[in-house]
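Let me begin by presenting the structure, written as structure tokens, before commenting on it.
In this document, chain identifiers A, B, C, D and E correspond to the written order of the chains, with residue numbering beginning at 1 in each.
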Amino acid sequence: MKKLLQKIAKKSPWLYRINAGSCNGCDVELATTACIPRYDVERLGCKYCGSPKHADIVLITGPLTARVKEKVLRLYDEIPNPKVTVAIGVCPISGGVFRDSYAITGPIDKFIPVDVNVPGCPPRPQAIIDGIVEAIKIWETRL
Amino acid sequence: MSTYTIPVGPLHVALEEPMYFRVQVEGETVVGLDITAGFVHRGMESLALQRNIYQNITLTERLCSLCSNNHPFTYCMALEKIAGIKVPERGEYLRVIADEIKRIASNLFNTGILAHIIGFDSLFMHVMEIREIVQDTKETIYGNRMDLAANTIGGVKYNLSNEKIKYMIKQMDSLKKPLEEIVDIYMNNKLVRARTEGVGILPKEEAIRYGVVGPVARGSGVNNDVRVKSPYAAYDKIKVNVNVETGCDVRARAIVRLRDIQEAINIIQQCLKKLPDGPTCIDYLPEIPAGEAVAKSEAPRGELIYYLRTNGSDMPERLKWRVPTYMNWEALNVMMPGNKVSDIPLIITSIDPCISCTER
Amino acid sequence: MSSFLKIAIRNLLKGPSTDPYPFGETFVPKGLRGKVKYNAKACVACRMCEHVCAGGAIQIREVADKSGLEFILWHNTCAFCGLCEHYCPTKAIRLTEDYHTAHRQEDKYRYVEKGFIKYVNCARCATPMVPIALELLNVAYDQVNEDIEKLRHLCPKCRQERAL
Amino acid sequence: MERNIQEDFTEKLTQAVGEGFSLRWETDSKGVVTGWCRLNDHSQITNVALIVSRLGGRVITITAYKTKDAQQKDIHEIAYHFDLDGCTCTVTIEIPRDIGKVNSITPILKSADWTERELQELYGIKVVGHPNPKRLFLDETIDEGIMNKLIPLSVAMNGATSKTLWEKVFAATSKEADNE
Amino acid sequence: MTDIVKLIFDLLIFPGGLFAVAFGLFLMGIDRKIAARLQRRVGPPVYQPFIDLVKLTRKEIVVPETAHLQAFRLAPLLGVAGMMAAVLLIPIAGVYQGFEHSGDLLVLLYLLSLPAIALMIGGSASSSPFGAIGFSREMVMMMSYELPLLLVLLTVALKVGLATGGIATFSLSEIVQFQLENGALLFDYTMLPALLAFLVFIPGNMGVVPFDIPEAETEIVEGPILEYSGTGLALFKLMTSLKVVVVLGLAIALFFPTPLGENFLLNLLWFFLKCLVLMVISITVVRTSTGRVRMDQAFKFYLKYPTVLALISLVLTLLQG
């Protein structure tokens, strides 16, 4: 029974995006991936939600700046379990070109458990979809 | 009615990027605004001093992905001024083409987001779908959908073969018709008009006083388009029609942006027609002497300026830039009061806020 | 008519424009700037790529047993800007069209492009040196004749002496 | 028209500060004029702002910077970039480090608002008379005047985070080699 | 005794309870699919709403620290319970009789406002600033669409009542019966304005674009349901799907209850088809071809068009009667 429910439930991964101080390239690509007909992630049952309380898969962009850090961590805690974290773009993964600035506290896996990385600057929508598919696989095991 | 404060942000769905507004409202009417910024402050100006001139090309491009091309472009112009490098003519034309392509994509994104904010998701999707034509063009010609990486010191890194020119002409042509259709919708659709007309008024005198730039200024009847006022690259050889609207509201700004897209297509076509033969870039590694220079360009959001100081080494002594959106934030204090709570995100979007640009 | 209904109905008639990916093929343009590929054979270890890399994604360092140079590019901090390719004199570094970058966290630090330049010994004095790639000669000389080809196997010092 | 505004500016500046400035205009190959001006007396910057205001100009941005030269002379250098109808005029002033403050021009030119706040927090130069002098971008956890602390010409690529990350990469990739 | 068993069966299995839930979720799945097609997308499978529900029950429930716990928990239950009861009052001609009490239309009117009230309670109990704005907007919204609804119901009641010799009939089953005997009101020209008014009422009541103002995602981050997660959110989704059935079913009972024949299944299918067409016209197409209006604009709109339309029908009915 649990297995069956898992199988059913994994088809409804709702997405939530956190911008941790990114240059907006990844965010624009995320919006493109999530919202436009060409990539239509609704096929996978995904929905872009406005509230962290509704989210299953968290997509984080940006290198985690000093000022946004607390807000991001708080928001992350608000997301109900089980959840999966995907780091989009090189910034959250390693700081990218912004690494070692006085205002950067990342990489993000110092504070938040990351499950999937999608490097790119920014990654193209197809790569983001790859990341989401990978995240769904992990999420299924946690349901 | 009592006054209370509602927080917008910092991580708010309507904002592509984190920014924190404390809006004082009376009932549903806005009476005051307080902006807290800095969530995307990455200390880039200090980073720029720790990187060499080449690394800074890529670093400045990562300032913001929506106007990404303008940053390395203007930075390179400043460097070239100091070093006295003459960019090959073909390179200058190619720079203009890259710039205008980004302008189309950026403005389409902003107008799309405007539709999204007023809950018109179908229109948003439609506009974004049109934008995909531009995205494909960028990916085919430059290799990335957002960061073109077209510029380098002394020219551009890409070239246009005859097939690519043909492809580009085809893509630009295929943009025209759907574009006319959405311009019509933004201008005349009853609902869009009802939401955008008379909202977020910025009178001309205030626009001048706050020193706003780009479509925000042009929507209020102020023309300070750098492409015409102080031409750079190949803009002195090209005819640029500046679109100025006098509505001073959200609608006027959206129309300026849409007209700018049409003008950008026009400019690209002019460039492709006039494109001279020859090299695209200098073929030696530049020597940068000590000196200082300012370079300006018209980014999708308006005037962008770079100030560069060098000391003879291959790292800048000071690299300072002021992005267009930077000037437009304070003007929100004029636009907001008197409008409804529903219009807050709409007005914020109408200045095409680029927070990562502003805060660096 | 400035109603959206017209477009909506047209959309219905035209059918979805959705890309079949991830269930099918997708659009991949030639010249896409994807993952970097490195060719150690063509590399002359001039380190220009390391110098221009804004993300600090490239490290070239001597291996522990001093038998050569190791090139490591960590994809997770590469900005895909292509400056390395642009400034590489021998085009030993190249951006491919491979955009499939998604990987799990456990592979984060293993996600690299690696290459190894084995030192060769100078034909005259036997000092270990970075081999000079043919590609470099093609850049430097219009025609590569036998004499030049011989120079290739000498260390800089011997080359200088020979030239004099 | 464009020539006039530069002449106007020069004339008015002479009236205001007399001989206490140097000014040159440069014209590039596309006919764009750029002005470079240096004031001897830093307090005259408010007068310049008044002139710019009267000419209908605006502040584009303000750059503070630290050069080796300035460090030796123990001064701050600040460059004000004004826009005069499309022509950029950069006016530079020097402030002795022990004074460490400058008069705000925001009351005269509203367009200087944010950039003066930024100058204050990044370089620790006090802007006197600013209507809203609180921090703009810097988080409370970061010290004011952060840009002064940077040593120019330092090689950044060996920063702490980079070092740790690369060590992990080296460790992971060499392990992989062992397994092969 | 059998009455009670039947009532429980009606409430939990058919036509209320399980059936109505499945029916509503299915309708919403189709709505999403058609909306996707209108936007040139493939869209989710039609059973997506079921999956979403299953998923939500497996998620952790996060309750905001400052929330009023009991109100926060009870609000969605109230909404669902109200709608469960309301479904029972909707007759499906040739399938289900409905409640044969004279005042059921008025009861329905009250029940119909329960979802909005549930959202208001939930929104204010969650003590988030957006919940509070959502609360006030929900209230204004309710005030705007209740008036035309009331007028439409009154018109229909009068029409049927006057025709059958009384004053006004507030019994839905009688209204249906009347139409079965005298032809559907859909074909009565005097009722067309009222029908239009009802069509306009549907998107407002359902809270879809252009009237999703209380839950406007880009303005107040989904307002009242912002703080709900897991089962709480699932209940609200359940409530919405039941509401679709109630609102559409009511429209059909009021204007076009005519069944196909004697066959139970065929009639049920016919009812479903009618619901579907009505939904596509009044919800799907509307929400995909417009954007959101402002609160004040919505209020003025409802005060103007549907009210006037309903009044026209009312006057015509009175003149005829």
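Basically, contacts are C-beta pairs under 8 Å (C-beta built on N, C-alpha and C of every residue); 3 or more make two chains touch, one makes a residue touch a chain.
These numbers come from a predicted model, not from an experiment.
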Neighbouring chains common to chain A and chain D, by label: B, C
Chain whose mean Cα position lies farthest from chain C: E
Most widely separated chain from chain D, with each centre as the mean of CA atoms: E
Intercentroid distance (Cα basis), chain D paired with chain C, Å: 38
Between chain A and chain B, centroid-to-centroid distance (C-alpha), Å: 26
Between chain E and chain C, distance of the C-alpha-averaged centres to the nearest whole Å: 61
Whole-Å gap between the CA centroids of chain B and chain D: 22
For chain C, residues contacting two or more additional chains: 3-4, 8, 11, 16-18, 32, 54-56, 74, 77, 79-81
Overlap residues in chain A, where contacts from two or more other chains coincide: 37-38, 40, 43, 50, 65-67, 94-97, 99-100, 102-104, 121, 124
Residues within chain B bordering two or more other chains: 13, 38, 41, 43, 46-47, 50-51, 55, 58-59, 62, 116, 120-123, 125-126, 129, 139, 144, 147
Chains touching one another, given as label pairs in label order: A-B, A-C, A-D, A-E, B-C, B-D, B-E, C-D, C-E
Contact footprint of chain B on chain A as seen in their complex: 18-19, 21-29, 31-32, 35-38, 50, 62-63, 65-68, 71-72, 75, 96-98, 100-104, 121-122, 124-125
Chain E residues within the chain B interface of the complex: 38-41, 129-130, 133, 136, 209-210, 212-213, 216-221, 288-297
In the complex, chain A residues that touch chain C: 37-40, 43, 90, 93-97, 99, 109, 113-121, 123-124, 126-131, 133-134, 138
Residue numbers on chain A that touch chain D, as the complex places them: 65-67, 94-95, 99-100, 102-104, 107
Residues of chain C defined as touching chain B within the complex: 2-4, 7-8, 11, 17, 27, 29-33, 51-55, 79-83, 86-87, 95
